[in-house]
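These notes are about the structure you will find just below.
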Amino acid sequence: MHETRIRVRFDEVDQMSVVHHPRYLIWFEVARTQYLTDLGLPYRDVVASGTHLAVIEVGLRYLKPARYDEEVVVTTRCTESSGARVALSYEVRRGADLLATGFTRLASIEPTGRPKRMPEALRTLFDAAVAQGK
Amino acid sequence: MHETRIRVRFDEVDQMSVVHHPRYLIWFEVARTQYLTDLGLPYRDVVASGTHLAVIEVGLRYLKPARYDEEVVVTTRCTESSGARVALSYEVRRGADLLATGFTRLASIEPTGRPKRMPEALRTLFDAAVAQGK
Amino acid sequence: MHETRIRVRFDEVDQMSVVHHPRYLIWFEVARTQYLTDLGLPYRDVVASGTHLAVIEVGLRYLKPARYDEEVVVTTRCTESSGARVALSYEVRRGADLLATGFTRLASIEPTGRPKRMPEALRTLFDAAVAQGK
Amino acid sequence: MHETRIRVRFDEVDQMSVVHHPRYLIWFEVARTQYLTDLGLPYRDVVASGTHLAVIEVGLRYLKPARYDEEVVVTTRCTESSGARVALSYEVRRGADLLATGFTRLASIEPTGRPKRMPEALRTLFDAAVAQGK
(Lines give C-alpha, C1' and ligand atoms only; values in the text may rest on other atoms or scores of the structure.)
Protein backbone atom coordinates (compact mmCIF):
# COMPACT_ATOMS: atom_id res chain seq x y z
CA MET A 1 0.00 0.00 0.00
CA HIS A 2 1.25 3.46 -0.84
CA GLU A 3 1.68 5.63 2.26
CA THR A 4 2.18 9.38 2.68
CA ARG A 5 3.08 10.84 6.08
CA ILE A 6 1.69 14.27 6.97
CA ARG A 7 2.18 16.32 10.13
CA VAL A 8 -0.90 18.42 10.97
CA ARG A 9 -0.20 22.13 10.51
CA PHE A 10 -1.56 24.73 12.91
CA ASP A 11 -3.54 26.40 10.11
CA GLU A 12 -5.32 23.11 9.33
CA VAL A 13 -7.13 23.08 12.68
CA ASP A 14 -10.41 24.91 13.35
CA GLN A 15 -11.77 26.54 16.51
CA MET A 16 -12.96 23.13 17.74
CA SER A 17 -9.22 22.21 17.80
CA VAL A 18 -9.71 19.52 15.16
CA VAL A 19 -8.60 19.39 11.54
CA HIS A 20 -11.10 21.27 9.38
CA HIS A 21 -12.93 18.83 7.11
CA PRO A 22 -11.93 20.31 3.70
CA ARG A 23 -8.24 19.81 4.52
CA TYR A 24 -8.57 16.08 3.98
CA LEU A 25 -9.04 16.85 0.27
CA ILE A 26 -5.74 18.76 0.38
CA TRP A 27 -4.10 15.77 2.04
CA PHE A 28 -5.54 13.46 -0.63
CA GLU A 29 -3.93 15.75 -3.20
CA VAL A 30 -0.58 15.69 -1.39
CA ALA A 31 -0.86 11.88 -1.28
CA ARG A 32 -1.81 11.75 -4.98
CA THR A 33 1.26 13.83 -5.92
CA GLN A 34 3.48 11.42 -3.99
CA TYR A 35 1.66 8.38 -5.38
CA LEU A 36 2.17 9.46 -9.01
CA THR A 37 5.82 10.32 -8.34
CA ASP A 38 6.36 6.90 -6.79
CA LEU A 39 4.60 5.22 -9.74
CA GLY A 40 7.25 6.93 -11.88
CA LEU A 41 5.22 9.73 -13.48
CA PRO A 42 5.31 12.95 -11.40
CA TYR A 43 2.14 14.99 -11.87
CA ARG A 44 4.23 18.10 -12.64
CA ASP A 45 5.57 16.19 -15.70
CA VAL A 46 2.03 15.14 -16.67
CA VAL A 47 0.99 18.82 -16.56
CA ALA A 48 4.13 19.89 -18.45
CA SER A 49 3.22 17.43 -21.22
CA GLY A 50 -0.21 19.02 -21.63
CA THR A 51 -2.57 16.85 -19.61
CA HIS A 52 -4.43 17.86 -16.48
CA LEU A 53 -6.31 15.48 -14.22
CA ALA A 54 -9.36 17.44 -13.09
CA VAL A 55 -11.26 16.33 -10.01
CA ILE A 56 -14.85 15.60 -11.07
CA GLU A 57 -16.22 13.83 -8.01
CA VAL A 58 -15.24 13.33 -4.36
CA GLY A 59 -16.69 11.64 -1.31
CA LEU A 60 -15.46 11.51 2.29
CA ARG A 61 -16.51 10.02 5.62
CA TYR A 62 -15.06 11.44 8.83
CA LEU A 63 -14.72 8.96 11.70
CA LYS A 64 -12.38 10.49 14.28
CA PRO A 65 -10.73 13.91 14.47
CA ALA A 66 -7.04 14.73 14.02
CA ARG A 67 -5.30 17.47 15.99
CA TYR A 68 -2.44 19.97 15.66
CA ASP A 69 1.05 18.49 15.33
CA GLU A 70 -0.16 14.88 15.13
CA GLU A 71 1.26 12.69 12.39
CA VAL A 72 -1.23 11.00 10.10
CA VAL A 73 -0.68 8.49 7.32
CA VAL A 74 -2.67 8.58 4.10
CA THR A 75 -2.85 5.32 2.14
CA THR A 76 -3.68 5.68 -1.54
CA ARG A 77 -4.95 3.06 -3.97
CA CYS A 78 -6.15 3.19 -7.57
CA THR A 79 -9.58 1.59 -7.85
CA GLU A 80 -10.70 2.28 -11.43
CA SER A 81 -9.01 3.20 -14.71
CA SER A 82 -10.69 3.83 -18.04
CA GLY A 83 -9.98 5.65 -21.29
CA ALA A 84 -10.63 9.08 -19.80
CA ARG A 85 -11.00 8.67 -16.05
CA VAL A 86 -9.32 7.31 -12.98
CA ALA A 87 -10.51 6.85 -9.40
CA LEU A 88 -8.36 6.72 -6.30
CA SER A 89 -9.39 5.83 -2.77
CA TYR A 90 -7.74 6.99 0.44
CA GLU A 91 -7.63 6.09 4.12
CA VAL A 92 -6.27 8.44 6.76
CA ARG A 93 -4.91 6.88 9.95
CA ARG A 94 -3.21 8.05 13.13
CA GLY A 95 -1.44 4.97 14.39
CA ALA A 96 -4.07 2.20 14.34
CA ASP A 97 -7.01 4.64 14.38
CA LEU A 98 -8.86 5.09 11.10
CA LEU A 99 -9.76 8.81 10.96
CA ALA A 100 -11.33 9.18 7.53
CA THR A 101 -11.91 7.46 4.21
CA GLY A 102 -12.59 8.95 0.82
CA PHE A 103 -12.23 8.82 -2.94
CA THR A 104 -11.58 11.19 -5.82
CA ARG A 105 -12.57 10.62 -9.44
CA LEU A 106 -10.47 12.49 -11.98
CA ALA A 107 -10.87 13.16 -15.71
CA SER A 108 -8.12 13.66 -18.26
CA ILE A 109 -8.48 17.11 -19.82
CA GLU A 110 -6.63 19.53 -22.10
CA PRO A 111 -5.17 22.69 -20.49
CA THR A 112 -8.22 24.39 -22.02
CA GLY A 113 -10.54 22.15 -20.01
CA ARG A 114 -11.69 19.97 -22.92
CA PRO A 115 -11.86 16.24 -22.23
CA LYS A 116 -9.09 14.18 -23.82
CA ARG A 117 -8.12 10.52 -23.81
CA MET A 118 -5.89 9.51 -20.92
CA PRO A 119 -2.29 9.57 -22.25
CA GLU A 120 -1.02 6.02 -22.84
CA ALA A 121 1.74 6.28 -20.22
CA LEU A 122 -0.77 7.24 -17.51
CA ARG A 123 -3.34 4.69 -18.64
CA THR A 124 -0.76 1.90 -18.49
CA LEU A 125 0.33 2.89 -14.98
CA PHE A 126 -3.22 3.17 -13.66
CA ASP A 127 -4.33 -0.12 -15.28
CA ALA A 128 -1.35 -1.88 -13.71
CA ALA A 129 -2.05 -0.30 -10.31
CA VAL A 130 -5.68 -1.47 -10.40
CA ALA A 131 -4.61 -4.97 -11.48
CA GLN A 132 -2.11 -5.16 -8.62
CA GLY A 133 -4.55 -3.75 -6.09
CA LYS A 134 -2.29 -0.81 -5.25
CA MET B 1 -34.63 28.49 -2.04
CA HIS B 2 -31.92 29.92 0.18
CA GLU B 3 -29.20 31.69 -1.81
CA THR B 4 -25.72 32.87 -0.84
CA ARG B 5 -23.68 35.04 -3.22
CA ILE B 6 -19.92 34.58 -3.28
CA ARG B 7 -17.29 36.37 -5.35
CA VAL B 8 -14.36 34.11 -6.26
CA ARG B 9 -11.19 35.19 -4.44
CA PHE B 10 -7.79 35.10 -6.12
CA ASP B 11 -6.49 32.62 -3.57
CA GLU B 12 -9.31 30.18 -4.39
CA VAL B 13 -8.02 29.59 -7.91
CA ASP B 14 -5.32 27.03 -8.80
CA GLN B 15 -2.64 27.04 -11.49
CA MET B 16 -5.18 25.80 -14.03
CA SER B 17 -6.96 29.17 -13.39
CA VAL B 18 -10.05 27.43 -12.00
CA VAL B 19 -11.39 27.27 -8.47
CA HIS B 20 -9.59 24.54 -6.55
CA HIS B 21 -12.00 21.69 -5.76
CA PRO B 22 -11.77 21.76 -1.91
CA ARG B 23 -12.93 25.38 -1.87
CA TYR B 24 -16.47 24.32 -2.67
CA LEU B 25 -16.62 22.80 0.83
CA ILE B 26 -15.61 26.21 2.21
CA TRP B 27 -18.38 27.81 0.15
CA PHE B 28 -20.87 25.24 1.46
CA GLU B 29 -19.81 26.26 4.98
CA VAL B 30 -20.23 29.97 4.18
CA ALA B 31 -23.68 29.15 2.79
CA ARG B 32 -24.53 27.04 5.85
CA THR B 33 -23.61 29.90 8.18
CA GLN B 34 -25.88 32.24 6.23
CA TYR B 35 -28.63 29.61 6.02
CA LEU B 36 -28.72 29.09 9.79
CA THR B 37 -28.65 32.83 10.43
CA ASP B 38 -31.56 33.29 8.04
CA LEU B 39 -33.47 30.43 9.72
CA GLY B 40 -33.07 32.48 12.92
CA LEU B 41 -30.39 30.50 14.72
CA PRO B 42 -26.87 31.78 13.93
CA TYR B 43 -24.30 28.99 14.17
CA ARG B 44 -22.11 31.17 16.44
CA ASP B 45 -25.03 31.12 18.95
CA VAL B 46 -25.38 27.35 18.57
CA VAL B 47 -21.67 26.99 19.39
CA ALA B 48 -21.95 29.45 22.29
CA SER B 49 -24.74 27.33 23.77
CA GLY B 50 -22.51 24.24 23.77
CA THR B 51 -23.41 22.35 20.60
CA HIS B 52 -21.20 21.77 17.61
CA LEU B 53 -22.35 20.41 14.28
CA ALA B 54 -19.48 18.25 13.10
CA VAL B 55 -19.23 17.29 9.43
CA ILE B 56 -19.29 13.48 9.23
CA GLU B 57 -19.80 12.92 5.49
CA VAL B 58 -19.56 14.94 2.28
CA GLY B 59 -19.98 14.32 -1.42
CA LEU B 60 -19.46 16.61 -4.42
CA ARG B 61 -19.72 16.49 -8.20
CA TYR B 62 -17.91 19.10 -10.27
CA LEU B 63 -19.55 19.96 -13.59
CA LYS B 64 -18.03 23.23 -14.82
CA PRO B 65 -15.19 25.37 -13.47
CA ALA B 66 -15.47 28.80 -11.82
CA ARG B 67 -12.82 31.48 -12.28
CA TYR B 68 -11.29 34.43 -10.41
CA ASP B 69 -13.62 37.36 -9.68
CA GLU B 70 -16.75 35.60 -10.99
CA GLU B 71 -19.86 35.70 -8.83
CA VAL B 72 -21.42 32.36 -7.95
CA VAL B 73 -24.63 31.58 -6.11
CA VAL B 74 -24.90 28.68 -3.65
CA THR B 75 -28.40 27.37 -2.99
CA THR B 76 -28.83 25.45 0.26
CA ARG B 77 -31.57 23.07 1.28
CA CYS B 78 -32.11 20.80 4.28
CA THR B 79 -32.83 17.25 3.12
CA GLU B 80 -32.84 15.16 6.30
CA SER B 81 -33.27 15.80 10.02
CA SER B 82 -33.12 13.25 12.80
CA GLY B 83 -32.46 13.14 16.53
CA ALA B 84 -28.71 13.56 16.13
CA ARG B 85 -28.01 14.34 12.50
CA VAL B 86 -28.89 16.73 9.71
CA ALA B 87 -28.11 16.70 5.98
CA LEU B 88 -27.94 19.70 3.69
CA SER B 89 -27.59 19.75 -0.07
CA TYR B 90 -26.07 22.51 -2.17
CA GLU B 91 -25.97 23.66 -5.78
CA VAL B 92 -23.43 26.16 -7.08
CA ARG B 93 -24.38 28.22 -10.12
CA ARG B 94 -22.86 31.03 -12.18
CA GLY B 95 -25.85 32.60 -13.86
CA ALA B 96 -27.79 29.70 -15.40
CA ASP B 97 -24.79 27.35 -15.41
CA LEU B 98 -24.77 24.63 -12.78
CA LEU B 99 -21.12 24.33 -11.67
CA ALA B 100 -21.28 21.81 -8.85
CA THR B 101 -23.61 19.92 -6.55
CA GLY B 102 -22.94 18.42 -3.15
CA PHE B 103 -24.13 17.52 0.30
CA THR B 104 -22.84 17.56 3.85
CA ARG B 105 -24.07 15.36 6.72
CA LEU B 106 -23.52 16.79 10.18
CA ALA B 107 -23.78 15.31 13.67
CA SER B 108 -24.67 17.12 16.88
CA ILE B 109 -21.75 16.82 19.32
CA GLU B 110 -20.56 18.17 22.66
CA PRO B 111 -17.54 20.55 22.61
CA THR B 112 -15.59 17.47 23.76
CA GLY B 113 -16.60 15.62 20.59
CA ARG B 114 -19.09 13.24 22.25
CA PRO B 115 -22.36 12.72 20.34
CA LYS B 116 -25.38 14.49 21.84
CA ARG B 117 -29.03 14.81 20.91
CA MET B 118 -29.77 17.67 18.53
CA PRO B 119 -30.97 20.61 20.71
CA GLU B 120 -34.74 21.05 20.43
CA ALA B 121 -34.51 24.52 18.84
CA LEU B 122 -32.29 23.22 16.05
CA ARG B 123 -34.31 20.04 15.56
CA THR B 124 -37.52 22.06 15.20
CA LEU B 125 -35.95 24.38 12.62
CA PHE B 126 -34.45 21.55 10.58
CA ASP B 127 -37.66 19.47 10.68
CA ALA B 128 -39.65 22.47 9.47
CA ALA B 129 -37.11 23.18 6.71
CA VAL B 130 -37.30 19.59 5.46
CA ALA B 131 -41.13 19.67 5.58
CA GLN B 132 -41.18 22.91 3.58
CA GLY B 133 -38.58 21.65 1.11
CA LYS B 134 -36.21 24.53 1.86
CA MET C 1 -11.69 56.05 1.63
CA HIS C 2 -12.25 52.80 -0.22
CA GLU C 3 -13.99 50.21 1.95
CA THR C 4 -14.49 46.46 1.53
CA ARG C 5 -16.81 44.53 3.84
CA ILE C 6 -15.89 40.97 4.74
CA ARG C 7 -17.69 38.48 6.96
CA VAL C 8 -15.30 36.17 8.82
CA ARG C 9 -15.57 32.60 7.54
CA PHE C 10 -15.38 29.60 9.86
CA ASP C 11 -12.26 28.31 8.10
CA GLU C 12 -10.46 31.60 8.75
CA VAL C 13 -10.42 31.07 12.50
CA ASP C 14 -7.77 29.04 14.34
CA GLN C 15 -7.97 26.90 17.48
CA MET C 16 -7.62 30.03 19.64
CA SER C 17 -10.98 31.07 18.08
CA VAL C 18 -9.42 34.12 16.41
CA VAL C 19 -8.73 34.82 12.75
CA HIS C 20 -5.44 33.21 11.75
CA HIS C 21 -2.85 35.88 10.98
CA PRO C 22 -2.09 34.97 7.33
CA ARG C 23 -5.75 35.48 6.41
CA TYR C 24 -5.35 39.24 6.65
CA LEU C 25 -3.19 39.02 3.52
CA ILE C 26 -6.08 37.24 1.78
CA TRP C 27 -8.42 40.02 2.93
CA PHE C 28 -5.98 42.64 1.62
CA GLU C 29 -6.12 40.81 -1.74
CA VAL C 30 -9.92 40.74 -1.69
CA ALA C 31 -9.88 44.48 -0.91
CA ARG C 32 -7.30 45.13 -3.67
CA THR C 33 -9.51 43.34 -6.23
CA GLN C 34 -12.46 45.49 -5.21
CA TYR C 35 -10.30 48.64 -5.11
CA LEU C 36 -9.04 48.15 -8.67
CA THR C 37 -12.54 47.34 -9.93
CA ASP C 38 -13.86 50.51 -8.31
CA LEU C 39 -10.99 52.55 -9.82
CA GLY C 40 -12.27 51.27 -13.18
CA LEU C 41 -9.63 48.67 -14.02
CA PRO C 42 -10.57 45.18 -12.75
CA TYR C 43 -7.47 43.10 -12.00
CA ARG C 44 -8.83 40.23 -14.11
CA ASP C 45 -8.66 42.63 -17.11
CA VAL C 46 -5.12 43.67 -16.14
CA VAL C 47 -4.12 39.99 -16.12
CA ALA C 48 -5.96 39.34 -19.40
CA SER C 49 -3.98 42.16 -21.01
CA GLY C 50 -0.68 40.50 -20.03
CA THR C 51 0.38 42.26 -16.83
CA HIS C 52 0.62 40.73 -13.39
CA LEU C 53 1.12 42.66 -10.19
CA ALA C 54 3.36 40.44 -8.09
CA VAL C 55 3.55 41.00 -4.33
CA ILE C 56 7.21 41.74 -3.49
CA GLU C 57 6.93 42.98 0.10
CA VAL C 58 4.34 42.96 2.89
CA GLY C 59 4.15 44.12 6.48
CA LEU C 60 1.36 43.74 9.07
CA ARG C 61 0.69 44.69 12.68
CA TYR C 62 -2.04 42.84 14.59
CA LEU C 63 -3.76 44.87 17.31
CA LYS C 64 -6.98 43.07 18.24
CA PRO C 65 -8.41 39.71 17.13
CA ALA C 66 -11.43 39.11 14.89
CA ARG C 67 -13.78 36.18 15.40
CA TYR C 68 -16.06 33.87 13.40
CA ASP C 69 -19.06 35.51 11.71
CA GLU C 70 -18.03 39.06 12.63
CA GLU C 71 -18.08 41.69 9.92
CA VAL C 72 -14.88 43.61 9.34
CA VAL C 73 -14.17 46.54 7.03
CA VAL C 74 -10.91 46.86 5.13
CA THR C 75 -9.95 50.37 3.99
CA THR C 76 -7.48 50.53 1.12
CA ARG C 77 -5.33 53.42 -0.01
CA CYS C 78 -2.58 53.81 -2.62
CA THR C 79 0.53 55.31 -1.02
CA GLU C 80 3.20 55.11 -3.73
CA SER C 81 3.28 54.77 -7.52
CA SER C 82 6.36 54.57 -9.72
CA GLY C 83 7.32 53.29 -13.16
CA ALA C 84 7.32 49.65 -12.07
CA ARG C 85 5.89 49.49 -8.58
CA VAL C 86 2.90 50.43 -6.48
CA ALA C 87 2.26 50.31 -2.73
CA LEU C 88 -1.10 50.05 -1.00
CA SER C 89 -1.86 50.36 2.68
CA TYR C 90 -4.76 48.78 4.54
CA GLU C 91 -6.60 49.12 7.83
CA VAL C 92 -8.96 46.46 9.17
CA ARG C 93 -11.71 47.58 11.53
CA ARG C 94 -14.65 46.00 13.34
CA GLY C 95 -16.90 48.91 14.08
CA ALA C 96 -14.66 51.56 15.67
CA ASP C 97 -11.99 49.04 16.71
CA LEU C 98 -8.82 49.02 14.65
CA LEU C 99 -7.82 45.33 14.38
CA ALA C 100 -4.81 45.41 12.07
CA THR C 101 -2.82 47.60 9.70
CA GLY C 102 -0.58 46.61 6.84
CA PHE C 103 0.84 47.30 3.42
CA THR C 104 1.69 45.42 0.24
CA ARG C 105 4.25 46.49 -2.35
CA LEU C 106 3.64 45.11 -5.85
CA ALA C 107 5.75 45.01 -9.00
CA SER C 108 4.54 45.00 -12.58
CA ILE C 109 5.71 41.80 -14.30
CA GLU C 110 5.23 39.82 -17.52
CA PRO C 111 3.31 36.52 -17.27
CA THR C 112 6.79 34.92 -17.43
CA GLY C 113 7.80 36.77 -14.27
CA ARG C 114 10.13 39.29 -15.93
CA PRO C 115 9.80 42.89 -14.70
CA LYS C 116 8.01 45.28 -17.05
CA ARG C 117 7.03 48.91 -16.94
CA MET C 118 3.68 49.57 -15.31
CA PRO C 119 1.10 49.85 -18.16
CA GLU C 120 0.13 53.49 -18.75
CA ALA C 121 -3.53 52.96 -17.77
CA LEU C 122 -2.54 51.52 -14.39
CA ARG C 123 0.18 54.10 -13.79
CA THR C 124 -2.28 56.94 -14.46
CA LEU C 125 -4.85 55.46 -12.05
CA PHE C 126 -2.33 54.84 -9.29
CA ASP C 127 -0.71 58.30 -9.68
CA ALA C 128 -4.14 59.93 -9.43
CA ALA C 129 -5.05 57.84 -6.39
CA VAL C 130 -1.84 58.86 -4.60
CA ALA C 131 -2.41 62.53 -5.51
CA GLN C 132 -5.96 62.38 -4.15
CA GLY C 133 -4.92 60.50 -1.02
CA LYS C 134 -7.21 57.56 -1.76
CA MET D 1 20.95 26.87 11.68
CA HIS D 2 17.60 25.24 12.13
CA GLU D 3 16.18 23.91 8.85
CA THR D 4 12.69 22.73 7.90
CA ARG D 5 12.08 21.03 4.55
CA ILE D 6 8.76 21.63 2.81
CA ARG D 7 7.47 20.27 -0.50
CA VAL D 8 5.21 22.76 -2.30
CA ARG D 9 1.61 21.53 -2.37
CA PHE D 10 -0.62 21.99 -5.41
CA ASP D 11 -3.06 24.12 -3.40
CA GLU D 12 -0.26 26.54 -2.45
CA VAL D 13 0.21 27.70 -6.03
CA ASP D 14 -1.85 30.46 -7.67
CA GLN D 15 -2.97 30.97 -11.26
CA MET D 16 0.43 32.47 -12.10
CA SER D 17 1.81 28.99 -11.22
CA VAL D 18 3.84 30.39 -8.32
CA VAL D 19 3.34 29.95 -4.58
CA HIS D 20 0.76 32.44 -3.34
CA HIS D 21 2.43 35.03 -1.10
CA PRO D 22 0.42 34.40 2.14
CA ARG D 23 1.57 30.76 2.18
CA TYR D 24 5.04 31.80 3.27
CA LEU D 25 3.47 32.77 6.63
CA ILE D 26 2.08 29.22 6.86
CA TRP D 27 5.54 27.85 6.11
CA PHE D 28 7.04 30.10 8.80
CA GLU D 29 4.51 28.60 11.21
CA VAL D 30 5.38 25.06 10.15
CA ALA D 31 9.05 25.94 10.66
CA ARG D 32 8.29 27.53 14.06
CA THR D 33 6.50 24.36 15.22
CA GLN D 34 9.52 22.28 14.22
CA TYR D 35 11.94 24.81 15.73
CA LEU D 36 10.23 24.76 19.14
CA THR D 37 10.01 20.97 19.09
CA ASP D 38 13.72 20.74 18.30
CA LEU D 39 14.53 23.24 21.09
CA GLY D 40 12.76 20.75 23.38
CA LEU D 41 9.46 22.54 24.01
CA PRO D 42 6.76 21.54 21.47
CA TYR D 43 4.27 24.36 20.91
CA ARG D 44 1.38 21.95 21.55
CA ASP D 45 2.77 21.51 25.08
CA VAL D 46 3.13 25.28 25.50
CA VAL D 47 -0.54 25.66 24.53
CA ALA D 48 -1.57 22.77 26.81
CA SER D 49 0.13 24.54 29.74
CA GLY D 50 -1.94 27.68 29.14
CA THR D 51 0.28 29.99 27.10
CA HIS D 52 -0.32 31.08 23.53
CA LEU D 53 2.21 32.89 21.38
CA ALA D 54 0.13 35.31 19.34
CA VAL D 55 1.59 36.81 16.17
CA ILE D 56 1.61 40.60 16.59
CA GLU D 57 3.77 41.70 13.66
CA VAL D 58 5.13 40.19 10.46
CA GLY D 59 7.20 41.36 7.52
CA LEU D 60 8.22 39.56 4.32
CA ARG D 61 10.21 40.24 1.16
CA TYR D 62 9.67 38.04 -1.89
CA LEU D 63 12.71 37.64 -4.15
CA LYS D 64 12.04 34.64 -6.43
CA PRO D 65 8.98 32.43 -6.87
CA ALA D 66 8.58 28.79 -5.83
CA ARG D 67 6.56 26.31 -7.86
CA TYR D 68 4.45 23.17 -7.40
CA ASP D 69 6.28 20.08 -6.11
CA GLU D 70 9.58 21.89 -5.54
CA GLU D 71 11.34 21.37 -2.23
CA VAL D 72 12.19 24.47 -0.23
CA VAL D 73 14.12 24.84 3.00
CA VAL D 74 13.11 27.32 5.69
CA THR D 75 15.87 28.38 8.09
CA THR D 76 14.65 29.77 11.42
CA ARG D 77 16.52 31.87 13.94
CA CYS D 78 15.51 33.64 17.15
CA THR D 79 16.56 37.29 16.99
CA GLU D 80 15.01 38.88 20.10
CA SER D 81 13.67 37.68 23.45
CA SER D 82 12.15 39.78 26.20
CA GLY D 83 9.82 39.36 29.16
CA ALA D 84 6.72 39.15 26.99
CA ARG D 85 7.84 38.92 23.38
CA VAL D 86 10.00 36.98 21.01
CA ALA D 87 11.03 37.58 17.40
CA LEU D 88 12.05 34.97 14.87
CA SER D 89 13.50 35.50 11.42
CA TYR D 90 13.23 33.15 8.45
CA GLU D 91 14.87 32.56 5.10
CA VAL D 92 13.31 30.38 2.41
CA ARG D 93 15.65 28.76 -0.12
CA ARG D 94 15.39 26.36 -3.04
CA GLY D 95 18.88 24.94 -3.34
CA ALA D 96 21.20 27.96 -3.35
CA ASP D 97 18.46 30.40 -4.41
CA LEU D 98 17.11 32.70 -1.71
CA LEU D 99 13.36 32.96 -2.41
CA ALA D 100 12.08 35.03 0.51
CA THR D 101 13.01 36.46 3.89
CA GLY D 102 10.78 37.46 6.77
CA PHE D 103 10.18 37.79 10.47
CA THR D 104 7.39 37.25 12.97
CA ARG D 105 7.07 38.95 16.35
CA LEU D 106 5.02 37.04 18.91
CA ALA D 107 3.57 37.96 22.29
CA SER D 108 2.92 35.67 25.22
CA ILE D 109 -0.80 35.71 26.05
CA GLU D 110 -3.36 33.91 28.20
CA PRO D 111 -5.91 31.68 26.40
CA THR D 112 -8.29 34.61 26.94
CA GLY D 113 -5.99 36.88 24.93
CA ARG D 114 -4.64 38.90 27.87
CA PRO D 115 -0.89 39.57 27.84
CA LYS D 116 1.14 37.49 30.29
CA ARG D 117 4.83 37.17 31.11
CA MET D 118 6.71 34.67 28.96
CA PRO D 119 6.84 31.40 30.96
CA GLU D 120 10.32 30.86 32.40
CA ALA D 121 10.97 27.68 30.40
CA LEU D 122 10.27 29.48 27.12
CA ARG D 123 12.18 32.61 28.13
CA THR D 124 15.24 30.54 28.99
CA LEU D 125 15.14 28.70 25.66
CA PHE D 126 14.67 31.87 23.62
CA ASP D 127 17.38 33.79 25.52
CA ALA D 128 19.82 30.92 24.94
CA ALA D 129 18.86 30.74 21.25
CA VAL D 130 19.50 34.46 20.79
CA ALA D 131 22.83 34.22 22.67
CA GLN D 132 23.93 31.32 20.45
CA GLY D 133 22.73 33.02 17.27
CA LYS D 134 20.37 30.17 16.40
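Here the chain labels run A, B, C and D in written order, and each chain numbers its own residues starting at 1.
Throughout what follows, a residue touches a chain if its C-beta (ideal position, glycine included) is under 8 Å from a C-beta of that chain, and two chains touch if they have at least 3 such contacts.
Model, not experiment: these values are computed from the prediction.
Chemist: So which chain is farthest from chain B, going by the mean of the CA atoms in each chain?
Modeler: D
Chemist: If I rank A-D and C-D by number of C-beta contact pairs, which comes first?
Modeler: Higher C-beta contact count between the two pairs: C-D.
Chemist: Can you spot which option in B-D, A-B or B-C is basically A-C again, with over half of the contact pairs the same by residue number?
Modeler: B-D
Chemist: Just the number, please: Cα centre separation of chain B and chain D in whole Å.
Modeler: About 34 Å, centre to centre.
Chemist: Could you state the distance in Å from the CA-based centre of chain A to that of chain D?
Modeler: Between these chains, centre-to-centre, one finds 28 Å.
Chemist: Report the inter-centroid distance (CA atoms only) between chain C and chain D in whole Å.
Modeler: Here chain C and chain D have centroids separated by 23 Å.
Chemist: Please set out, as single numbers or ranges, the residues of chain D touching at least two other chains.
Modeler: 10-11, 16, 22, 26, 29, 68
Chemist: Using the touch definition from the top, list the residues of chain C that touch chain D in their complex.
Modeler: So the residues of chain C touching chain D come out as 16, 18, 21-23, 25-26, 29, 52, 54-62, 65, 111, 113.
Chemist: Could you pull out which chain A residues touch chain C in their complex?
Modeler: For this pair, the touching residues of chain A are 10-11, 13-17, 20, 22, 68.
Chemist: Inside the complex, what are the residues of chain D that reach chain A?
Modeler: Interface residues on chain D, with respect to chain A: 9-11, 26, 29-30, 33, 37, 42-44, 47, 68-69.
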